[in-house]
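In what follows, chain A forms one complex with chain B and a second complex with chain C.
And then the complex of A and B:
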């Protein structure tokens, strides 16, 4: 039972980061109308930025700012490309997926060539922190706590923005009906650019929490995270923000429990087999698609 | 024949087969990455059957195609008419599961790889013979009722349904055929290279196949032939210092082609214009009478 509780805590921490990633991905899908496959690669580059910043300074605020700035900058840099693609006649949303795949390939190759000579990086213990609570087999590390609390705060702030502010109303209006939103005077391009900005912040924040939780980064991490993020978004239902919240947490819990009871990388397969089975049985997602 | 030319021709042919395997389901707007999983399964099956059981190559080839056809049949029951992105996720997840199983299965060499697959004489002739056969089959499909129906499904599913096209059936058909071609390519790849590694069947390969399909042009089967040779030749054309960045080159090409020429280099319109125009005396008379 103790193992189960320990893995449950670990799963909730991991799941909260997945929720952040899926939320960012879904926001891009709903507002900017793009399938941003390169989003996890942006997160990994942001993790590398934190690692570099840690070498220069020990000021955590500066490190966090550096991570988020890079993520926002990369997210905003991709905006003109996707805007141009979306404006091309007879081109659908799949084209944005294909282009983002190209961007992901570039980012991955740059990371595997240039960042730390392609070797994975490990974050120092001062960044990850040790255990802050130990009770039998149940231990809560600083990284787990930060991931859990940070994830909950970030998602809460995002949903507050979405449901309690004008900008959030703009987001929802565009997601519901782009043409009608334009007709009532909502600035589509401006709101779309703002969604890239928000997604950049979410990505940077995910990178910081991820680096604290897993303590390492590698060029191949993005590919792995992308697969999980996309699978969760499909299982939940494309563009379904609430569904993504539930399914992101569930994936984290399933993965952590599988790690607790099954050895090696087989634990990852369990989570993927479950997701694959759900997609095959219910291709439109558990909570229904919103696009 | 030099070794470089031998492998250049061999790999180009195998990637043309894989490009066609990706091209067929995209006729109905589905990106079926399951082909990479099928390729991995049949490659390992072929290698294992030849090395451990001494099965003859033709038997392995036929059984390999049958295995991947069955996989295609099972999966297509669920995702025959699923949206593009769902099919993408099913494919990506399957690739990851297959890769992890191979990595953890010591019998298949694990992460080290699988070596010493027996040599088959005249492999290049066999590959090109099968390539012509598959090319002819795809040409026939493209110019059949199925091909025309697929073109309608790609443009507008609602119109296709109103014209009596069974979307699920046509999607299933293309997915099954594409898996069968991938199964063939997998077996041929195992006997061409004579060694296998799970690292070969990753996101990099999917990106490369995407590049082949979209740079060459997804509207005709000929684009794949052009881009497979062209992209395969890139590492040979440039010095090794530049060639090692080929993923960046492929990624950049993918983004550029979507931005500048979304249908790819060789399009259906282009082929139509190149076609020799027939002489119609009636039309000339009408034209003359008007003038």
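And then the complex of A and C:
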């Protein structure tokens, strides 16, 4: 039972990272109409940024600002590229998928050549802290707690924005019916650029929480996470924000349980077998696609 | 007669879909306070013309002036915020949002007068007030058309373009919708109505343009056109 509770907590904290990632990915899909496969790479570069910032300062606020700034900047920089691709006649959304895979590869290679000589980096203890709680087999690290609480706060703020503000209403309007959105006078391009900005902020938060949770970063982390993010989005139903929320948390829990009871190395196999099963049985995803 | 400062003026407008010429040298004007209709068979280019005015179609040649300003090739959101609203064909609404949210989206450019506008809309369409918290997708076809109209009116437009409001609706509801359009016109709204139902369109409008294969075939006061034997034969089922 203790193992179960311990793994449940660790699963929820990992899951909240997946939720943040898949939420950003889905927002890009719905509003900017692109498949942003490079998003997790942006997150990893933002993690590296935090690591560098930690060498210079121990002011946590400054480090967080640095991480978010880099993530927002990279997200916004990719916007003109995707807009150009989408504007080409007879090109569909799959072209943006290929392009973002290319961008992801470039980012990964830059990281493996130039960041810390290509070696993975470990975050110092002053960043993640130790355990908050430990009795018996149950230990909760500070990083886990931060990831969980931070994830809940970030997602809540995002959904508040989506459902209670005008900008959020614009997002949903464009996602649902682009023509009708245009007809009520919503500035499509401006709103789309704003979605890159929001996704950048979400990415920065993911990077900070992720680095606290796992305490390290490597050039290969992004691709690894990108596949999971894509899997969650497909299993939930592409573009389904609520579905992504549930499935992101579920994947975290399933992986953690697998680590606890079987073996850590099987957790990926389980995740992707589930994805394959869902694609075969329910191609539109468990909660239905929204694009 | 065209007045000196017409609200909408289209000069020599041409639009093509690839090799197909959808609109050929269209000239059209609307004076303030007028109720003008646009009739013609399916595929005559009525919807294409309305979409071109809104900046949705790519304009090949010609100019469009709205309130004296050139709006040719301007982005749609700029055209809409200058006071032009299209009520699209087939009641296009945000079906996963509530009725109220749909109206809020229509009003986002005039948030200051939101409450006032909303009350006005609920006066025209009492059913929308009753259903304001309902998800729009669950409304009936007629209610969705009313929501689409209400949403367009929320931005306090100076000119309303209405595309086929009777499409797919029961005769009773079509009657309601035309009555509301006439009412709106009496209250000062300028209206351009595109409609396949030529009889209804001619009855409610004061002036009419007849479109045929991308061209304006005829135009004039609706009464004259109604008595024109050619029109009677082609559009009103006369012989």
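As a working rule, the second predicted complex is superposed on the first by the 290 of 291 C-alpha atoms of A that agree within 3 Å, B and C clash if a C-alpha of one lies under 4 Å from a C-alpha of the other, contacts with A are read in each partner's own complex, and residues count from 1 in each chain.
In this section, a contact is a pair of C-beta atoms (placed from the backbone, for glycine too) under 8 Å apart; a residue touches a chain by one contact, two chains touch by 3 or more.
Quick caveat, the model's predicted, so the values are computed rather than measured.
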Which of chain B and chain C A:184 touches, first, second, both or neither: second
Contacts of A:102 with chain B and chain C, given as first, second, both or neither: first
Touched partner set for A:265, first chain B, second chain C, both or neither: first
Comparing the two partners chain B and chain C, which touches a greater set of residues in chain A: B
First, second, both or neither for A:164, with chain B first and chain C second: neither
A:113 touches, of chain B and chain C: first, second, both or neither? first
Touched partner set for A:223, first chain B, second chain C, both or neither: first
Chain B and chain C footprints on chain A, overlapping residues: none
Touching residues (chain side chain A, partner chain B) in the complex: 35, 81, 84-85, 88, 90-91, 94-95, 97-99, 101-106, 108-110, 113, 223, 227, 230-231, 234, 238, 264-266, 268-269, 272-273, 275-276, 279-281, 283-284
Residue numbers on chain A that touch chain C, as the complex places them: 166, 169-170, 172-173, 176-177, 179-188
Contact footprint of chain A on chain C as seen in their complex: 54, 56, 75-77, 80-81, 85-86, 88, 92-97, 101, 104-106, 108-109, 151-152, 155
Of all residues in chain B, those that touch chain A in their complex: 29, 31, 75, 78-79, 82-86, 88-90, 92-94, 96-97, 100-101, 103-104, 202-204, 206-207, 210-211, 214, 244-248, 250-255, 258-259, 262
